[in-house]
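Two complexes come next, and they have one chain in common, chain A, joined by chain B in the first and chain C in the second.
Up next is the complex of A and B:
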């Protein structure tokens, strides 16, 4: 079974260049249906107004951090089942454990390659489909 | 809370484990178990069920390691399964007999062995970076090039922008070293830069950003105090990063690469600072928080503090609770707050564009209501109630306009902070000792003005430090304190913000300025000038010439440029100076560029708006004051000065009512270097108008700087004196 490449993926990062990097990597993996948000608040706005299938979010952002966004998503009846991939710079125990406890689907450590990103997405999507 | 509850929780965990669809602990499952274990650990502790506590704690650690991939998933799964079973029997024991008969030691030892020896990460996964050290080696996976030029360009632009933010926030931090928000705001740019740099294989940048980030992380976790040295280090670090990114840009733009920036010294300093101090942390005092919350007052706090000192000494919170001054709930809440050190903020962030639009619309509203008010039809109706209602509307709209203009106002604080930073850097470079004192930081100014006034202010600061301030030894010789002071002061006066930059340096040497001005032909040797007039000489364009003037008490480097920049913003500038005591630059700027104080003049059937700041006089001259020499320009004698006459009707090709100056009205206007008389038919009045630009296609029309809707709804053009003068001179 292969993953539907038409998934609509929301990239959340305050650094525009980073969003572009992730977008490019996704493109290499065949995912081209991408929307972007610059922080958690903007992301929530998008999630409320359009159908999104997958969230890739940075950890450290102004206004609303990735963890807060994750909690908001998990606390929302309509959004709580959304796959949520957290991007962190280092696998710092406290951060990762906090995200895991808050219900993150998986996490990925910067820098990563298109293959690793692809693997993580497939893993999450397949475990949901199972 | 009893043991059955604990058993119920453990059983629940066991059953969710049993019903796992796949024989593996993936991340969401691990999250679920971690949450359940948290409950179990808490309850076990509360019940004093020692084995259950140790066991659940151990399983918690195991799951954390599995999540972090430092324990192999299959091993973890097996251990976890056995742990849960063991946990169940421990809970059973407690339920039935109040204690556990068996021993968990063998399992705990096995668990410890597994936790202690991290396994190799599974192939295909990125190497997990658990310590700062490991991060300095580039993960091989990143070697794959995602680097294309446009990404690199984006990174340069955005990275520089982000690092620029650091400067501002660091000055905030210097004032409030305990504010986590500020640390985080500085941390984030480094973090983001590092993240992208790692993708772009910019190893040197990534490593430095990482080191700085680690340093800040320690400060954030209060493992390091925020000292001036730390702040210096961070500033140096951000400067270096900026330089490195700048180099990248040079290379990208095909310029010759400069020598590679050596970061070894910086990195060494960072490492030293990191190990440097394990000083005790100083969070906000509990008492302070309680006083802020209004639970106790300052006097009660002092009293309680004194009583806490009486042996046996107790903690403040204990004293407060036992004396009934605060409830345990209040104290624990305050303690929590102390731990979090949250800073509440009653502000929201709004996109500046939205504000601009709002203010624009309110401007339109004011004009529309004034059109209604002036309507002849309305006056003819003679309905007194309607008139009253409309004047009510008028007062509400003008109130609305006032409050909406205020929305875009921000304190001058940030500008002052940037200038303080500049003084810091400049004085460090020149070996001078300078303190900065700021007064009136909360004075507000239109956000759109902030960037505009920055450059002229920087120039004045530069002058003050470079030339006004003496070297420490000279200051001591002059009987002044070794350390000089630069004062930045802001306040409102009329519709203006006044910014004063004063130093206690050597002041202007008027005699030398005079000599220089005579030499450059600006004045005659015989001219008698007052002191302020001499001071102002340095603002003249001809004053600062190629041969530099540091010997004339140093002032004057490009001061004419500063004056022009100030005047372009419709501001004014003055200098006060006492020799040997110091110099003060006084600049006044309008609070906003959106509104202009205008004089409405009429020529033929056209009406124009002249900026009031440029108007010196309004006169109707005698016939005798008018001179016209054939082949020469027309002039008017204004109090002994012959000023050229500019006929506005001629410039704009209008049929005037009055062609003779002695029948018309003359407006004496001041341009950049000269004054002229503008001939108009009549003056209609003075009005504050909202400036509208005329759009891209009409941007470059000479003599016209913009348009405005007048009180009666018609459009009037705002004239630009300098442009008019140039038009007149060209004819």
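Up next is the complex of A and C:
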């Protein structure tokens, strides 16, 4: 089964450059339908105003962290089923456990290649469709 | 400074630049730096605390960082703009993360602060411990950069 490359993906990261980097890596995997938010609060606004199919969020952000965003998404009846990929700079055990408990679909540790990122997305989407 | 700290930062730097920017830097021989002058045009600095304490800086020549960030973004960047500053902070963060992961296997549990970025000719690097620091020089086809570390283990490690 092939994954729909027209998925609308929301990238959440406080660094504009990192959003661009992720956008560039997604493009290499054929995902070009992308929207961006600079933190969890901005992401929630987008999620409430337009349809998004997949969330890729940084962990460390001001205002609302990736973990807080994940909890808000999972606690919202309209959004709770959305696939959520967490991006972290380090795979600290406590962070991973907290993210799994909060219902993260998967996580990815920086640095990562386009191949690894796109494989993670495809794996999550396929597991949801199964 | 404990020599066990050198390889994790060296390996982390190569891993990050190879993975995110498709640049394979060649490391030179590390040496001691006694002054605070940066060895590049733009530097990312990050504080480290935990079972070891200190700071890590990455100082890039303009030519090397323009190529690195252009590769990361998939678009050509010609001047040291805001994208470059953001990217230097993010690269510093990622190198710190990769190095700390390796240091964890040596028994060091280290956390990092938020990176800061300084640019300009002859800017200085203020290490948390004051110095001296170890410089690991790197060469890329577009120019040099250095990893500048000043870190010490806390008693008992």
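By our rule, the second predicted complex is superposed on the first by the 130 of 130 C-alpha atoms of A that agree within 3 Å, B and C clash if a C-alpha of one lies under 4 Å from a C-alpha of the other, contacts with A are read in each partner's own complex, and residues count from 1 in each chain.
The definition used in the following text is that contacts are C-beta pairs under 8 Å (C-beta built on N, C-alpha and C of every residue); 3 or more make two chains touch, one makes a residue touch a chain.
Given the structure is predicted, the values throughout are model-derived calculations rather than measurements.
In the superposed pair of complexes, A:105 makes contact with chain B only, with no contact to chain C.
In the superposed model, A:63 makes contact with chain B only, not with chain C. Judged by the touch definition given at the top, the superposed model places A:27 against chain C, while chain B stays out of reach.
After overlaying the two complexes on the shared chain, residue contacts for A:97 are found with chain B alone; chain C is out of touch. Once the two complexes are overlaid on the shared chain, A:35 sits clear of chain B and of chain C alike. Contacts of A:127 after superposition: chain B is touched, whereas chain C is not reached. Counting residues of chain A touched by each partner, chain B versus chain C, the larger count belongs to B.
By the document's definition of touching, neither partner reaches A:79: not chain B, not chain C. By the document's definition of touching, neither partner reaches A:46: not chain B, not chain C. Residues 15-18, 20-21, 24, 89-91, 109-113 of chain A touch chain B in one complex and chain C in the other. Residues 21-22, 26-28, 30-31, 34-35, 38, 64, 67-69, 124-126, 128-130, 135, 139, 141-142, 144, 146, 148, 151, 154-155, 158-159, 162, 184-185, 187-188, 191-192, 194-196, 198-200, 213, 349 of chain B are the ones touching chain A in the complex.
Residues of chain A that touch chain C in their complex: 15-18, 20-21, 24, 27, 89-91, 109-113. Contact residues on chain C toward chain A in their complex (touch as defined above): 15-16, 19-20, 69, 72-74, 82-83, 86-87, 89-90, 93-94, 96-98, 100-101, 112. Taken in their complex, chain A has these residues touching chain B: 13-18, 20-21, 24-25, 58, 60-63, 89-93, 96-97, 100-116, 119, 123, 127, 130.
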